[in-house]
Amino acid sequence: MDEPTRYAEGMKTRRAVLGEAYVDKASASVSEFNRDWQEFITRTAWNDIWNRPGLERRERSIIVLSIATALGAWGEFRIHVRGALNNGMSRDEIKEVLMQAAIYAGVPAANHAFKEAMSVFAEVDAEG
Amino acid sequence: MDEPTRYAEGMKTRRAVLGEAYVDKASASVSEFNRDWQEFITRTAWNDIWNRPGLERRERSIIVLSIATALGAWGEFRIHVRGALNNGMSRDEIKEVLMQAAIYAGVPAANHAFKEAMSVFAEVDAEG
Amino acid sequence: MDEPTRYAEGMKTRRAVLGEAYVDKASASVSEFNRDWQEFITRTAWNDIWNRPGLERRERSIIVLSIATALGAWGEFRIHVRGALNNGMSRDEIKEVLMQAAIYAGVPAANHAFKEAMSVFAEVDAEG
Amino acid sequence: MDEPTRYAEGMKTRRAVLGEAYVDKASASVSEFNRDWQEFITRTAWNDIWNRPGLERRERSIIVLSIATALGAWGEFRIHVRGALNNGMSRDEIKEVLMQAAIYAGVPAANHAFKEAMSVFAEVDAEG
Amino acid sequence: MDEPTRYAEGMKTRRAVLGEAYVDKASASVSEFNRDWQEFITRTAWNDIWNRPGLERRERSIIVLSIATALGAWGEFRIHVRGALNNGMSRDEIKEVLMQAAIYAGVPAANHAFKEAMSVFAEVDAEG
Amino acid sequence: MDEPTRYAEGMKTRRAVLGEAYVDKASASVSEFNRDWQEFITRTAWNDIWNRPGLERRERSIIVLSIATALGAWGEFRIHVRGALNNGMSRDEIKEVLMQAAIYAGVPAANHAFKEAMSVFAEVDAEG
């Protein structure tokens, strides 16, 4: 697969998972400084990895929420709470991921993740 | 649920996920120093969390493998590669978890996880 | 000990350590999404662990401040700066924890912890 | 070298790397609580380490940006983006550090670092 | 305090905390490559921080065990299990630190810490 | 650039940085389980990132050593100590990276990195 195809296929998945609004905003903020970066992650993360067969998208969301919680990557966590909802996870299932994560990544990580998830849900609800 | 029941129900799940051999070995090494600890994790991790409804065991395995990879908790990772197999994940699905984890936790974490997983698979194969 | 007793005993300790105001606020924000979580940490963290004999509460505060600093869990750190004061640590003793933590967790972690601690002290002073 | 000399030599380097404005602000906020800390890092980080021969200052900036990204120490990261510019790195070179860091520390860390760096550049531009 | 005094005072504390045998071994392995490093940590960690008033040595041991567990720094953890014993902590108190750490740093970190602590105790017992 | 070219160009750089012996050994251990992974990192890490202009290879080595130290990724660290030597860093320069890393990632991380680096140097010396 050549680079333009990887980018186009990655962008489709990125839009399907993260939502049109988020990706439009990210695309609008592309600058000379972060253009290479935005293109790299679209090709590499969103095509080369997310488009692989072998796991369902909702399972990939579970991986990303788990790792973002463990590493305290809260910006990424928020983006992927929306991604998880778009990939078919219920709020209750997200809750279960965080309760399981508490055992393996510690209570402070899970405690903060609960706060962030509730804040994202409130945003989603406000958007109607 | 009282403490003896939590312990008994936790032990059932721990044995189902980690295998009789591993739990027998852990039980045999219980000492005055780690008895409280072994009982605490059996009640808390293995009953209070693993026995919750809401996610399948294989999904809980995905969470644990993801977090153990991200945090470099290689002893825990090895135990839960066996757990993942016991919970119905294929080796190819474990591979996919690690490829996804590479993006979100970095290449060194995933690279080492591949080595550890292959070493566990070799052990499992040798046990016949 | 059954679950209601663990919850009640945990809540007493949680209130004694974190203060009535904080726990009242946390209790008021309980929702369908985080009820299981709030109950789990009250039973598990605040009763099963914090109520164990063997260390004084101020020693448990030292552990929590140290780990929260090392992991960059700043929300948890702020809560437990208040907890440390309630458990009898002086501000100077908290300072010493952070200076010791700088060696073992790095200067950036300690540097940020100093900022957070000073911000909590300012809040406490304003509450008079 | 005695302590006053270490402090004075460290302060020179700290001012050269982080800029007069930042250090003046940090010095103005010194209190009874953080005086020992400010003096310790000036002597130890800024003299004993930063003043060692063997690497150029721009190479030391590369180390600090890499570690701050990997550990999610964003306050430290922001300070040292300015430090890197003062030590002669171009914005494009900072970009390259972050792209390399994405592979070794994961995409979420690098993604957030891009956001922080762009925010610091905007501040610098606004200061004229 | 000048550098030779900081080194001498640091070495006294290092020997008191870590034991003569460990420090003799570390001193014997000093090479051109790590001489600056060994001198730096003796002056900075062992004198400038460990010799500060304000906390007891056993409290400083609690900090170090907590952080080493949270960060998975197992070599450091092992050294400081001996340090904790030398500073007057009982094995039961070390157990309590690890149980508290499980909540705040996660079960895998504490689980591995139990294994390392038991291994150090076995070494100590074998030395008679 | 298409995938076979990315792979071929990545492999050239991987061999130049890590050495023929290491890459031959890694290639010989490719299995059904890790083939996708080995190909992914060769294309993505070794071509898409390492082959970018904008930083010298020795600067990229500084980044990788810094991050591997901060994250405790010791397998990766060892590989990249050899890479750093191949990219023109002296042992003294590697020492300086570790001393700088001690401030920003903590003493335990740097202390272990010194041990690993000395062990790699001994291997290199033994190979003559």
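For this structure, a couple of remarks:
By letter and in written order, the chains are A, B, C, D, E and F; residue numbering begins at 1 in each of them.
The working rule: a contact is a pair of C-beta atoms (placed from the backbone, for glycine too) under 8 Å apart; a residue touches a chain by one contact, two chains touch by 3 or more.
Please read all numbers here as calculations on a predicted model, not as lab measurements.
Any chain touching chain B that also touches chain E appears here: A, C, D, F.
Chains touching both chain A and chain E: B, C, D, F. A count of C-beta contacts for the chain pairs D-F and A-D puts D-F on top. Each chain's centre was taken as the mean of its CA atoms, and the one lying most distant from chain A is E. For B-E, the equivalent interface among the listed pairs A-E, A-F or A-C is A-C, as over half of the contact pairs agree by residue number. Looking at which positions face the partner, chain A and chain C present mostly different ones, since fewer than half of the interface numbers are shared. Chain centres here are Cα means. That of chain C falls 25 Å from that of chain E. Annotation: 29 Å between the Cα-based centres of chain B and chain C.
Contacts with at least two other chains are made by residues 40, 44-45, 67-68, 71-73, 76, 95, 99, 102-109 of chain D.
Viewed as a contact network, the protein chains are fully connected, with every chain touching every other. For chain D in complex with chain F, the touching residues are 44-45, 49-50, 52, 54-55, 59-60, 62-64, 66-71, 73, 76, 92-93, 95-97, 99-105.
For chain F in complex with chain B, the residues that touch the partner chain are 31, 33-34, 36-37, 40-41, 45, 67-68, 71-73, 75-76. Of all residues in chain D, those touching chain E in their complex are 1-3, 40, 44, 48.
Residues 103-109 of chain D are the ones touching chain B in the complex. In the complex of the two chains, the chain C residues touching chain D come out as 72, 91, 95, 98-99, 102, 106-112, 114-115, 117-118, 121.
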